[in-house]
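Common to both upcoming complexes is chain A, partnered first by chain B, then by chain C.
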Partner chain A sequence: MAGPQTLARRQAPRDRAWMASGAAVLLGVVAAVVLPQVLELFALINATVFVSMAVLALSLALVWGFGGILCFGQAAFFGLGGYAYAVAALNFSDTTFAVPVALLVATAAAAVLGYIMFFGRISDVYVGVITLTVTLILFNFANSTAGDEWRIGAAPLGGFNGIPSTPLLNVPGEPGAGLAPEAIFRIAVIALAICYAIARLVLRSRFGRVVVAIKENELRAELLGYDVRLYKLGVFSIGGCMAGLAGVLFANCVFVSPTMFSLSYSAQVIIWVMVGGLGTLVGPILGCILLQMLTTWAGTLRDINPNVILGVILMAVVLAVPRGLLPSGIALLARFRRGPPR
Partner chain B sequence: MDLAAAVLLQAVAGVATLLIVSLGLAVIFGMMRVINLAHGEFLMLGGYATVLSVRAGASVWLGILVIAPAVVGAVGFVVERLLIRHLYGRMVDTMLATWGLSLALIGGVTMLFGDSVSGFSAPFGSVPIGRFRISGYSLFLIAMAGVLVLGTWLVLRFTRAGLIARGTMQNPDVAATLGVSPARVYAVTFTAGAALSGLAGGLIAPVSGVLPTMGTAYIAKAFITVITGGAAILAGTLSASALLGTVSTVATFLTTPVFGEVVLLIVAIVLLRLLPRGITGRFLRRAL
Partner chain C sequence: MTPLLETRAVSMRFGGVLAVDQVSLRVDEGELRCLIGPNGAGKSTFFKCLTGQLKPSGGRIFWRGRDITGADSFAIARLGIGIKTQVPALFDGLTVRESVVLALRRTHREAAAQARAMATLERLAIAGLAERQVGLLAHGERQLVELAMVVAPEPELIILDEPTAGMSAEETARTGTLIRELNRRHAVIVVEHDMQFIRSIARIVTVFHHGRVLMEDVVERVLADPRVRDVYLGKSAEPAGAPVPCHNTAPA
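Our next item is the complex of A and B:
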């Protein structure tokens, strides 16, 4: 789809990935220092939600845009990460080890699901159907866990209501010292920057190049001797881990509930990636933040349902800018700079 | 004995519902390779068309059997013109565009009619089976599923339009050289599929109640049934809904409705793992 883009990026100097990663982390640190001083508390918590969603969008950008795996169930790993974090934190009454547990659970779930799919030679739409189905199973299951018999250790699963008592992150090793919303925002922004850096560096590595090669032409990559199944599994697991991290961050500004597994989250991530630009990493992050601001704004309108706006945008983007905002914007800019054709 | 008969009938009714709900999607997917994610909302529109016409004083049968398919068929015609036509051959893009359509329809209907359940009571009352009673309407649903499958089969197998449709499905280029316009065939197919979805929406309305988000409860199941069925429209949908419907009804009977749904989904995953191209990718390959 966005083939030429990924190819062009591959020819760029190797060190650009390092520079971009460094710049992203720097930008993250600056945002983490400056924004909490500018924004009010409510806006800050909202911004934390946006950033956690941006991590989710980034994970799908990697899996779909570069791995070519259309995953309709990125929300499954997002929700699993959130639930694992909440359950672990309530049981340990300390979040130090809850975060690694959450990442591990999400990664393991992605690895198992990926193994079933890729080693079963399932591809295309069928991957979409299976990931969607798994998400629906989790959604149904999480919704039916009301009542006292559904608890893991000290953590009640709470069915439809979720776990409103999801604990906030504390200073590592000091369970009593909970972090303020400002600190959680800083952690989220820096986590986003680090995830971006990791994604850039993964794509720059030998592994990443093979993954992109498989996306461009699976048969050719296979004939060249690469084990396609293994590389797909690898990138899918990395994506699952990132989505789990997004779930942890989300749990820290809202709380975990079955809606994390809902169709609307799965749908929204795909919309963000598509609108931002498939085959880029920055595009989906921008698309995510832009559309969330739009949705928040649309939610304040009394006469128009926000779903209408989202739906119309999605249709318009697919019809008018199928490559997404960022690639189309860059192409437009390049044409402008080159001047009119002679 | 009575219990066995009642459970059996319940299972057949479950299969029939799944079949009715999936058929419109299967026609569109099988003929055009277009996955219509707004299918659930087509069902919802059919439900609303029926409820509104019943409220306006029309008879229940007129609402379900005529008004619902006509209204949704018209919607489908417009959607094909404005949206689907520009995206042929781009499967993922059509999925995303129809997803957008689905969101917009949910939002729009919520704005028009509000977020509450409306409906009307099912005709026919209940029928005794020994010590148990089963609703007469589920017997009607079973009959309707039979009529729909038979009707689709007859049209595809024995009419000129069906022949042209099957030919275009197999090879649009050859059909075009022979003087058939694939674009027109696709337009008619999409409209017919939408009308079938509308009819399905009208049929399930008395059972499920009508609300803007009712489509989301069915789209995943219909989608999974069609994909599990594979390429053959009727044989695939029939076999997949027979299998999944029976499994989920039995599991629901033994445990809870939620668990029944979960079992349906798990069976679908296992099946796709074993038969990656659907049931008719392996068996009954030459079936319709």
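Our next item is the complex of A and C:
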């Protein structure tokens, strides 16, 4: 059985992950070069928002679609990343260093929350309840930080208004030389590509395969000697870190405010993942960008509430393509290639 | 000699129900032990105490003389105990080969795990299923896939909970042969209620009834014992008409 052919086939899926990662980074670089040339400034800033949201969608695609952890509070790490960046950036002269601080805060928050949940053997629907509750507590807390006493160093938390004075990223080593929107867009697109590549490679690794196995059957993974709590904690923390990065990008194209912790963001991420296709990485990215473009377009209509359009489209997707756009699209393509079913 | 696995007065209480009542058992290296008893006798609860899925409310469990009472399932698995549950616990979205590789990947590097996985599939005569998705297999095939995942890491002890549940007569016979073959390399504990199957594989049999050990002896004497026949026919304490699994109760 172990001829050269079988060996080649065994290697194939692993090489595919490398190829997909390389292709994603290449695509990111191309988009980073081309799009700023063709898009107008307003569209470019909008695109940056979409891309930062896509990073958020990707983080949940990993945690929920592959880890089987229905985290209803991905927005918590998104907001914490954003706030940590804003606070650190206001306190540091060089905002470059605010990025690792933000990632660290988001990851640590995910790790602590994950530790409590997974080592407390809390599972399934309760994870959803707890993560959502934590997000809403953060939402209320951030809203109640209006007074002057709520400041961390030089950074006022600003309550309901958030921190509109969030400094943008600067050229590393040159404090004060804030980056132009074009540069922020480039950073966001390349960050998305790198996050995708990292997710692909994580899933390819032994760690990632065990994570998927736990989603498939937790008891069996445990009976094979894997400490499922550690693996869940690991993937949850990686997801938290990515969501934190999304928050940093968001802070650089909008600004941080309590809405980052809001129910509408928590729910939207879930919808993006569902519409794009649970169990895929590209699907949620596409779902996120498509739905955001749709929301933006619907917002320009005068005679009809955009939420009505969105609601109708969501219902249509859930009823017509319950597996999500990407998996259904692939299945459709495969059927065309094979010809009609016999 | 220290037994491989030993329980001392293990009990499991659920509220007011004592499902397992002071069960003491010892299984030696290389042994093939059957735990039998009618439905509700406490076999499966006892099984879950052994595998760490339940923490016993009383008594102690020892592995090679080491106290492992209350250890987590993954820690018990790491000692070298392979566990097959009654309802197959499988990775439905993965292929058969991927599943068995994962069973080995904790202790082996990728290439070694791949090679040993294929060897295991060949040993169980299911190498042809290697690239099939587990979720799409027939019930009997799924049982074999789970068995492959259990035996692949060469555990010292294999615990099987009702391995023939839902199998056809032919598959049951094949499983019997397989268990005897496994027993050449591993100690095996089989929890079963199918008497005919027990007779085809067993040497020493422990009979459970009402959470206690009713008797423990070689299979011939157990099957000839009037108490065992009563338990299985529902004469002593089981209410009449209770589901009593007995294809062929005892030798005439």
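The rule we apply is simple: the second predicted complex is superposed on the first by the 329 of 342 C-alpha atoms of A that agree within 3 Å, B and C clash if a C-alpha of one lies under 4 Å from a C-alpha of the other, contacts with A are read in each partner's own complex, and residues count from 1 in each chain.
We adopt the following convention: a contact is a pair of C-beta atoms (placed from the backbone, for glycine too) under 8 Å apart; a residue touches a chain by one contact, two chains touch by 3 or more.
The shown structure was predicted, so the numbers you read here are calculated from the model rather than taken from an experiment.
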{"item": "Clash-or-fit label for the pair chain B, chain C on chain A", "value": "fit"}
{"item": "First, second, both or neither for A:Leu314, with chain B first and chain C second", "value": "first"}
{"item": "First, second, both or neither for A:Leu136, with chain B first and chain C second", "value": "first"}
{"item": "Partner chain in contact with A:Leu60 - chain B first, chain C second, else both or neither", "value": "neither"}
{"item": "Partner with the higher number of touched chain A residues, chain C or chain B", "value": "B"}
{"item": "First (chain B), second (chain C), both or neither touched by A:Leu263", "value": "first"}
{"item": "First, second, both or neither for A:Gly225, with chain B first and chain C second", "value": "second"}
{"item": "Contacts of A:Glu216 with chain B and chain C, given as first, second, both or neither", "value": "second"}
{"item": "Chain B and chain C, minimum CA distance [Å, superposed model]", "value": "11"}
{"item": "Interface residues of chain A shared between complexes with chain B and chain C", "value": "1"}
{"item": "Residue ranges of chain A in contact with chain C within the complex", "value": "1-2, 10, 206, 209-210, 212-213, 215-217, 219-228"}
{"item": "Touching residues on chain B, where the partner in the complex is chain A", "value": "35, 83, 86-87, 90-93, 95-97, 99-108, 110-111, 216, 220, 223-224, 227, 256, 258-259, 261-262, 265-266, 268-269, 272-273, 276"}
{"item": "Complex contacts: residues of chain C adjacent to chain A", "value": "51, 53, 72-74, 77-78, 83, 85, 89-94, 98-99, 102-103, 105-106, 110, 114-115, 118, 122, 127, 146, 149, 153"}
{"item": "Residues of chain A defined as touching chain B within the complex", "value": "1, 70, 116-117, 120-126, 128-130, 132-134, 136-137, 140-141, 143-144, 263, 267, 270-271, 274, 303-315, 318-319, 322"}
